[in-house]
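Chain lettering (A, B, C, D, E, F, G and H) follows the sequence in which the chains are written, and residue indices restart at 1 in each chain.
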Amino acid sequence: MSDNLGNLELIHVFYWLKELLLSTGLGEPYVTIVSYVVLGAVTFGVLALLALFLVWWERKIAAHIQQRFGPMRTGWHGWYQTIMDAVKLLQKEDVRVDKRDKFVFFWAPVVCFVAAFLAYVVMPFGNQLIVADLSIGILYVLAVTTFTVISLLMAGWGSNNKYALLGGMRSAAQVVSYEVPMVAAILTVIVYVGSLSMVDIVEAQSGLFINWFIFKLPFGPIAFIVYIIAATAEANRVPFDIPEAEQELVAGFNIEYSGMKFAMFFLAEFVNMFTVSAIAVTLFFGGWNGVFLPSWVWFLGKTFLVVLLLMMFRWTYPRLRVDQLMEFAWKFLVPLAFANLILGSIMKYLGWYW
Amino acid sequence: MGVFKNLKELIKGMGITGKHLGRHAITIQYPEEKWTMPEGSRGVVVLLSDKKTGELNCTGCGLCEKACPTGAIDLDAPRGEDKKRVLKKFVVDNALCCFCGLCEESCNFCAIKMDTRYEMSVLDKKELIWDMGKLQEMGKDVDYVDTRKKKKPKVAKKPVVKPTEDAKPEAAAVNPGDAKPAAEAAPDKEPEAPKSPDKPAEGDDKKTESGGEN
Amino acid sequence: MGLIKKVPAFFEPIPGGGVVTTSLEGILHHAQACSLWYMLFGTACCAIELMCTGASRYDFDRLGMIFRATPRQSDLIITAGTITKKMAPRLRKIYDQMAEPRYVIAMGGCTISGGPFYYDSYAVEKGVDHIIPVDVHIPGCPPRPESLLEGCLHLQKKIKSQKLSDWQEK
Amino acid sequence: MSEYLSVLIFAVTGAAIVLFTFFISKLIRPHNPYPEKGVTYECAEDAIGDSWIRFNPRFYIFALIFVIFDVEVIFLFPWAVAFGELGLFALVEMVIFILILFFGLFYAWKKGVLKWV
Amino acid sequence: MSDPGSVGIAFWILSAIVLISGLLVVSLKNIFHCALFLMLCLTGVAGIFILLHAEFLAAAQVLVYVGAVSVLMIFAVMLTSNLARKKIVQTNQNALVAFVSCVAFVVGALWLIKGTEVWKFATEALPANNTMTIGKLLMTEFMLPFEVVSVLLVAAMIGAIVLARGEEA
Amino acid sequence: MQYYLMLAALLFVIGLFGVITRRNTIGILMSLELMFNAANINLVAFNRYISGDGLTGQIFAIFIIVVAAAEATIGLAIVLLIYRNWRGIDTDSYSVMKW
Amino acid sequence: MTKEELRSYIDSTFGSQLKALDTGRHDPMYEIEPQNLVKTCQALCDDEKVKFNFLCNISAVDTTEKFEVVYSIASLPNKLRLDFKFSLPYENAEIDSVQEVWSGANWHEREIWELYGINIRNHDNLTRFLLPDDWDQGFPMRKDWDAPDFIRLPEK
Amino acid sequence: MGKLKTEEFVVNMGPVHPATHGVCRLMLTMDGEKVVKIEPVIGYLHRAIEKVCENRTYPQCIPMMDRFEYVTSMSTNQVFSQACERLAEIEVPERAEYLRVIMLELNRIASHLIFYGTTAMDMGALTPFLYGLRERELIIDLFEMTCGQRLTYNYIRIGGVSKDIPKEFIPKCREALDIIEGKLVDYEGLLNENPIWLIRTKGIGHLPAELATSFGVSGPVLRASGVDYDIRRDDPYSIYDRFDWKVAVCQNGDCYDRYLLRLEEIRQSISIVRQALDGLPEGNIKAKVSPKFKPPVGEVYSRIENSRGEMGVYIQSDGTTKPLRVKCRGGSYNQLQALPYFGTGGLVADLVAIFATLDVILPEVDR
């Protein structure tokens, strides 16, 4: 591998891999497929590690907010705690409820994780460090993440449990409602970029940090706030975690899941959290742009900061009630987001930005 | 404006949690560092032994058994031919004990005490029933203030001097009557010392009763 | 499928195969022991101490223990508090619903044997071990948080000393 | 175009890996179902009635409004992308578009549909 | 798909998905499952769109159908039916007639498609698709329909609300 | 290209079959969606292979999606209404909509 | 109103219904006729001077010869306290519900019914609630109650 | 006809549910998310404490009473001892009374801190829960230092208290009070004005004063409904009449008021403890009471104000060493009883909020 990790160009690695495979005499289409499979597996591994790290990190953050230590007894400050959790979940029995809907119950976690995973096809981890720069980039992310909703509904339905079903319904209603302001906030940026591609979005913000859209856009901060609120809701985190509100629905949609299936939901939740943060970084904080350090470090660093913000939300606020949540989305956030969009585009038309 | 005020409050909340994020944890990391149990913490029940002779202080008077609200103490101390109680069995069922400390308070011989130890989880619940040996062993190196100084020599001497009579002194010892505070206020001893001899009558009753039962 | 049970039989004949078994055993059981998610189950006074143990000063999370509200995802049920005759079938139900491997800690006198309510109480179950198999008993009324932690460590030790061959037996 | 192939392959790979972990877990996990274990968990009580019941139409109405807005979104995206090259006319057009939609939203609002209870 | 080979593979996979799940949609007994397969089918159609270089359309398809319409369907299923759990026959007595006529129809259609020469020689057009073009077209050429759509949507929304609320409240 | 057309035809027929045979309204609506999609495939395929110069076909498809969505909302709202009034959504059980 | 004033006021106003007892400590204790229960309670609750609008407690007592039911009531506005009780025969004990006076009596009465087997007339919901659902061992708070698995504290 | 209503369905909330603080089961009839009927099912913690007490001597009853309301076991000790003292007309030494007041109020603070934590947790905020418990530990330390136990104190005895406080108690206590007072600002900062908290609690679960009185609801819940009644002041026991403090009263009777009121009570309690520490006299800590305590024949209902309202004990003595009847009355009993009458109509989340702010604990209900 290249000695300078900063210039690690995934695309190049990809081509290199392709070449290597081609030289073995395989046909072109198969080579493409195989190399994507490899890439997918690598991404999966990275993501799983990231998610595990995030779980650990969240536990640590939570603990320190509460003046505790969090995991301490598995390695240095419990660094491999979450790995142990995963291994344990691997050996957990997979309880199957009698009354479940077999087919739905089985596929819900798979769909949930795959939906979360697919978003990473277009995630610009760094300069050139992107699996595929789709021209509909951000729209693609929105499209694939909608599968999450379905998976939660499936989980709720498949478990045949009132709490689970309520959780699933709530979650669907919530995600669906917050998607509208989220899209509006994203559009505010798109209007300035003129492209949906993630790479284009990031490149539009190259340069110093004043070029980041949160500073550059006339209403950047508002768009960001709208986005982060909607994103929190999309990721089902406090104060919008009503789908799995412990005190109301016990564990919400995943109440009947155990073992690996639950682990998939759990991982997907954290992957989603990372996704929304990463998109926030891409849209508002200049993505991988930064000086001195390799681009992916910047990207990860910024993303972790946004994740930290989400975690702070989680450990500070009480949760909203389901009706308030809906009203908040439709009566406040949607009008605000669209007003912002319109104003933003007027500004753009008038050229009032730098 | 409402929105801004709310935003401000939300940020304030984050500020508070954020402030704590930087603070040091107050956790006591249990197996490595331990909370120092304050004097008089009520952990397990142990039987105390005489510091010199190493024998149990317990005279088998049965007061603790009677005082115990949960029936955790089961003792058997029949009187031998010499009318002296011989402690045959002293069992504490830690599963029943509610760690109330009444036994310790009722005992006038500094024979039973609630030690500050608390680590006694077991795999088999039968191990929680502690017999005399175990209780004694647990109480081996428990530090205690011997409050029965005056009586101990008596108890020790009596059998030597006049074995037949020992029922009496024991009774006197047993019954400080309402001298419960005596045992409680063990550290600051002044008030009870005078009290204990006050009411022999009741204690006597009790003792004979229990004696009868046994 | 339980293929794991056959691992010893398969590897042990091979020279050096014992290492596989032991290391597998080690990892798997270590994982189980290090990540005991406990069921949020507390009925009476002991539950308050359970709460305190989860709180900042004692911090269950240090041992990798976090609470789950549903039995499906929990590995450990700490029966904190009196189990009455009315509650007993429910406890059994929760235990049944837990996914294996599952462990039980009986916390406090009440759950070990009825505790202070052993005598004279018509409503208290005299020990949860009549209802569900208990792994570790922690006496106390209520046990101090440290006692509870010690009990959990004890349980961890027990888990780590399990053998692959008795994998499912419990 | 081959980028899009990656999506398909990612989906398949992802699903395959997830299923693979399920499989691994199947190898090493205990499996001991018995009738009581499969009972629906409802706070340790017997569940009363089935849970596949009819639900509050509220959820439905929100989804309904969402469909409309989602459809709107697919018009907004091309507009946003092309906005830079279109100018005032497009802006006005879109504002009208949004306003008309918002008229619907406000109608719903006024009708009290956006209230949950 | 830069090369025809992989396009071919993808096409076959996708059409298999589409057709099988489509069949399941109309034949399954559990209506919740039907809704799920409908989703799968529509996702497959989105894939087909991509093969046809209509990326934006594919995304829109997923967004609208999977994200919104399916959710709506599922809600409607949950809202209205206990059908899902009763495994009642979901087809009516028309089945046989319908089957026969459908087969006839499809055979005819396929024969027609096969027989028509024009399509065989359809040239590959420039893949000029991108979102921006669509945007431009929408804003200029299709301006009127575009605005009409908004009215349509509002009408649909209001109508649906009125219907769904009914006499309630 | 004819493959696309065949696919579309098959899908359309499946949808048609569903519309005819389904007993409940939601099922019918689903089948209708299938038919819409078949039409869309055709449109896009024609756009791709035949019209060459623009994206009219795709734009038409977009409009169809829109219409389909609107149709779905209204249709499902009607389902609700029917359900409300007849307490069931089997088409057979209400003669009004039986053909 | 002090306790003495309360005593004399009760004597003068409700003298016919409430007979003072000397077993009460700290607070005045009266005896009433069981058949007048609801009437008396209503009167106590409605009387402007005392206004005993708060029911603290109802407890049944099994003295092995008879049941006693003790009502402890308080007046929030006038800050008074009062107890009254009556005796019931051991067999077929039955009392009236005072729910209409103090709604809070509901559970107290239910409990008495369940644990002592004293029937409550006009109670709206006499169903099992403290004991297990399948309880069939009688009324455990009665002194003579026993059951096979009931372990008494050994006499020491 | 024609109304498309959700099928009403019955959901069990509890007995093992994170929001029921113990083992209460609420059978909810729900219309979608709306709660239309609540039916509390209790008895899961019915341990027959009363029966057990009938077979224990009076001093032995006190440990049992600890388990009757373990969150504030000092109060249970106090109410039982007080009943016995009233039965036998025992005069409690001055110092003991002061110590009792200190302990009772500290325990009230501890209980309210738990309330703060659990309420916040039920609303989804986890951190306040840990903060509340963190400060509670300080108080628990004080108790442990004094009587050797963390939860079941068995401290207040018939005729006095069991042990005198150690020397370092007073400075430590003052320090703890200062810390808690300081932390109260944090608590309030976290929740009081938080918009989410406000909309979750304001106007939710309104309990009208008449309903409350008629159901025998007492304590903070009653006071939050605007009834100015506190047994500490209105039916004074121990030496509460010597201190200068205010009874906190709110008017709206909603969840927010119940919450605010308790925070205010923490403040008042802190002030009472401070005054008691200042005035703590020297002297005996226990009156002379024989271990074979035999009160004369008679009966008494003694009541105190604990953190959940009126806690009462009715004792009938037949002149032997064992009581003829002990009946415990806890505030939660009546509060839970009233719940179905004002808790309906909201969403599940509202019910959780209401339940949390009622601060019901189950042993008090089931005993």
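Throughout what follows, a residue touches a chain if its C-beta (ideal position, glycine included) is under 8 Å from a C-beta of that chain, and two chains touch if they have at least 3 such contacts.
Treat the numbers as computed from the prediction; the structure is a model and nothing was measured.
J.: Taking touch as defined above, what minimum step count separates chain A and chain E?
T.: Contact-graph shortest path, chain A to chain E, evaluates to 1.
J.: Contact counts by the stated rule: is the higher one at D-F or A-H?
T.: Looking at contacts between chains, A-H has the larger number.
J.: Taking each chain's centre as the mean of its CA atoms, which one is farthest from the centre of chain D?
T.: When every chain centre is compared against chain D, the largest gap points to B.
J.: At what distance in angstrom does the C-alpha mean of chain E lie from that of chain B?
T.: 79
J.: If you average the CA atoms of chain A and of chain D, how many Å lie between those two points?
T.: Roughly 15 Å separates the two chain centres.
J.: Rounded to a whole Å, what is the gap between the Cα centroids of chain B and chain G?
T.: 40
J.: How many angstrom lie between the CA centroids of chain E and chain F, rounded to a whole number?
T.: The separation of the two C-alpha centroids amounts to 7 Å.
J.: Give me the residue numbers in chain G that touch at least two other chains, ranges are fine.
T.: Answer for chain G, listing residues that touch two or more other chains: 130-132, 140, 152-154.
J.: In chain B, what residues contact two or more other chains?
T.: Each of 10, 13, 16-17, 20, 25-27, 29, 69-71, 98-100 in chain B touches at least two other chains.
J.: Got the chain D residues that touch at least 2 other chains?
T.: Within chain D, the residues that touch at least two other chains are 2, 4-5, 26, 28-32, 37, 39, 41-45, 47, 50-60, 63-68, 70-71, 73-75, 77, 80-83, 85, 105, 116-117.
J.: Spell out the part of chain A that touches chain D in their complex, as residue ranges.
T.: It comes out as residues 32-33, 36-37, 39-41, 43-44, 89-99, 109-110, 113-114, 117-118, 120-121, 131-134, 139-140, 144, 157, 159-165, 169, 172-173, 176-177, 179-180, 183-184, 187, 190-191, 194-196, 250, 255-256, 259-261, 263-264, 322-323, 326-327, 330-331, 334-335, 338, 341-342, 345-346, 348-349.
J.: Could you please specify the touching residues of chain A with respect to chain B in the complex?
T.: 61, 63-69, 72, 312-313, 315-317
J.: Considering the complex alone, what residue numbers of chain F touch chain E?
T.: Interface residues on the chain F side: 1-7, 9-18, 20-24, 26-27, 29-31, 33-34, 37, 40-41, 44-45, 47-56, 58-59, 61-63, 65-70, 72-74, 76-81, 83-84, 89, 91-92.
J.: Can you list the chain C residues touching chain H in their complex?
T.: Contacts found on chain C: 40-45, 47-49, 51-52, 55-57, 69, 81-82, 84, 86-87, 90, 94, 116-117, 119-124, 141-142, 144.
J.: Enumerate the contact residues on chain C facing chain G in the complex.
T.: The contact residues of chain C facing chain G are 84-86, 118-120, 122-123, 126.
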